[in-house]
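Each chain carries a letter (A, B and C) given by its place in the written order, and its residues are counted from 1.
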Amino acid sequence: MRKHIGQSIVGFIILFPIVFLLILSFGKQWFYPHILPNIWQTSQWESLFSPSFQLTKSLGLSLLLSISVGLVSTVTAFYFSKKIAYSYNKTTWLSLAYVPYLLSPIIFAVLIHFYFLKTGLSGSLLGVIIAQFLICFPFGIIICSTFWTSQIQSLENLSFTLGGSTTQTLKRVLLPLAKSTLLLCFFQCFLISWFEYGLTHFIGAGKVKTLTVSVFAYVNEANPFLAALAGFLLILPSILLLLVNKRLIFKTSKKLADYE
Amino acid sequence: MSEFLNIDDLSKTFEGQPILNGIHLSLESNTVLSILGKSGSGKTTLLKIIAGLEVADQGRISLEGKPVMTMKPQKRNIVYLYQEALLFPHLTIFENIAFGLRLQKKDQAEIEERVIQMLGTIGLDHMKYKSPNQLSGGEKQRVAFGRAIIVEPKLLLLDEPFGALDVETRHSMQQLFKDLAKQLSISALFVTHDLKEAIIMGDDIGKIENGNYKAYTSKKEFYEDAKSGVTDEIDFWSNLQRGEFSKL
Amino acid sequence: MFSIKQITPWKTALFILMLLPMLLGLGYGLLYSFGVIGLLNTGFTTEHWSDVLLNFSFWKSLLFSFGIGLISVGISLVIALWMVVNWHHDLRKGKLSTLIYLPLAFPATVVGFFIFQSFSKAGFWSRFLYQIGIISKIEDFPSLVNDAYGIGIILASSFIITPFLSLILKGIFENEHVTKFQQIAKSLGASQRQVLIKVTLPILLQKAKTSLLLFLIFVIGSYEIPLLLGRQNPKMITVAIVDKAQRFNLNDIPEAYAMAILYVLFLLFLFFGFQRLAKLKTKAYA
């Protein structure tokens, strides 16, 4: 019984934010001390279908940005993780890959902003893609590096001795075997990019209006209803992803925890 | 130098430690050479260098009179088999065996025909569509053989291929391999730490120890060499028979 | 670390992508903070560094971040340990096993916003307490966000970390076969309490220590949450650095760089120092 109550409380704490955001996103006026909004509206959700709505644009932009960062980071991380796994300095490289994670992205942004200004990349989408990539791909290396076990190395060698070229081996052996790792890496990098605010805002100079940037903008405009809608959109992909495969989200922390 | 495989003065060091010290080795075509060696003797390194998976510091290797040292593993036509069967986990048994033929871009009908024939040869016709994890250790190793032999390699390198099998399976696999080797005129280097297996499997026999290779001109010479361990073994069993076990 | 002989194209490329940006950033920051470059450069000066090092507010921010990190990780650890020890069956299958993954879908921005909307004076809980008659006016609700003790920040950080930590501890619990060790201990005569203190907790904590450190670093480096839930004084270190870097007063920029460099050194020291310590300890036991 005590256990049942405890778990119900945990369930409430977890589910409440989602419901709360959803409710707020339909609100129009919420005077104290009403528990729920005293005036409701559906127009915010409706305007999501209009392409000229700022939040719709942000949603599109965030998707474009995060998919690009996810793809580029995954491909790069896969390539370098192999090189690292087969090299003698494996441990050194892998611990260095932790450094961008250790430094908070926002501090990284403060330090490198000068170079983005000089190259005209500050305030541009490309600039934000590059900056997020620099944060994401070392992380991707940590995820991908677990794929290159001695078993995989032997399978690769076997394919060579059976006459497989490097391309054939990649296509017929390595990529099919790495499918789940690559998927995991992509989603992880996608989510880091999708969740990122500080660096995006700093390097994007406020001009690259992603969903997270929108949340802050609406908070500053004291519009909790639009902020809630933007926030709900932010948690939507990862909730969908969780329903498909919960491991895809959790693996990150585990990969980090495996570091010893 | 009319031999099929010739290895000349092959050496390799790793981080200052010598692994192979000037190995000389030759093999006639259509024969199996057993190489007896403990782990750490350099046997795996030797095979990997022959397969092109590792690079030697110095020495020459020629196959059918042609130097292969600078060739990529893909071009050597030498297949290296591990103790583990290493079946591709994402492919069925059929596709595992067909793997090399697919790489050669053979047409479907030919692949179909040859793979089915090979499945018959290794006695696994009924396993065609199974996935590797449904097979026993011995069956996996058979598939690994089939997959290697079907590409008709000039030379097979076997690195303790039965090391992970239980005694009974091991015996039947030894027999299967001997039959196949004869039937398909296979040339192979067979590396093992097991004295009996070395004697059973090889037409000729050699021994690798601390990176040095010693070839025996005949099995008889091998039996008589005190270092081969054969005499110890014989003494042990004959003592046992004479009831003198207590003296040991 | 690497000898010249070993420098290959991929290593160069990886160096450029992974390390060079940060090294360039640190280099620029170093030169800027010593007045060698920058809009107002006056030639080499240690003035900005001494301003930062002798200024109480920098140390206060760093300590505040560190403290918030320790408290948040501590709270999460207690909750996560409690859940894993008592509910490990339910965490493996059933509703809870799925639910526990849900918070991982929340970005810091959303958690910050949610905590603000629910715990501020005009937030959900204040309204709730008003409706059931516990408080009679908005001012009666305690300051839980933008407060002096960082309560809002701690709430939000713990909310983010706890599920991650629970899943990590649950993984350790299963991988290390803790149940078996518990049974052995019981058969050797250990009481329920002794099993917990002498077996379960040591195994879990030993394996989780690197994760705990990473979470600590994660909270110290968090930015969105203190931005939404913190206040001007005391300020979390990340917010303090960004504020200085974005100030219109150009004199503040060299100080921002000096602070950023100190912050980076602090975290690297924390991480690699801990690794070194952990290694030495293992060696001593070996």
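One rule holds for everything that comes next: a contact is a pair of C-beta atoms (placed from the backbone, for glycine too) under 8 Å apart; a residue touches a chain by one contact, two chains touch by 3 or more.
All values reported here derive from a predicted model rather than from experimental measurement.
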Pairwise touch network: line, ring, star, complete, or other: line
Two chains sharing the most contacts, counting C-beta pairs only: A-C
Chain located farthest away, centre of chain C as origin (C-alpha): B
Innermost chain, taking as reference the mean of every protein Cα atom displayed: A
Separation of mean Cα positions, chain B and chain A [Å, integer]: 48
Chain B and chain C, separation of their C-alpha mean positions in angstrom: 54
Whole-Å separation of chain centres (CA-atom averages), chain A against chain C: 18
Residues of chain A touching chain B in the complex: 151, 154-155, 157-165, 168, 172-173, 176-177
Contact footprint of chain C on chain A as seen in their complex: 3, 6-7, 10-11, 13-18, 20-21, 24, 32-35, 76, 80, 83-84, 87-89, 92-93, 95-108, 110-115, 134, 137-138, 141, 194-195, 197-198, 202, 212, 215-216, 219, 224, 227-228, 231, 234-235, 238-239, 241-242, 246, 249-250, 253-254, 256-257, 259-260
Complex contacts: residues of chain B adjacent to chain A: 51-53, 72-74, 76-80, 82, 84, 86, 88-90, 99-100, 102-104, 147-148, 151, 153
Parts of chain C lying in touch with chain A, wherever the complex brings them together: 1-2, 6, 10-11, 13-14, 17-19, 21-22, 24-26, 28-29, 83, 86-87, 90, 95-96, 98-111, 113-114, 116-118, 122, 124, 126-128, 130-131, 138, 159, 163-164, 167-168, 171, 208, 210-211, 214, 217, 220-224, 227-228, 238, 241-242, 245, 256-257, 260, 263-264, 267-268, 271-272, 275, 278
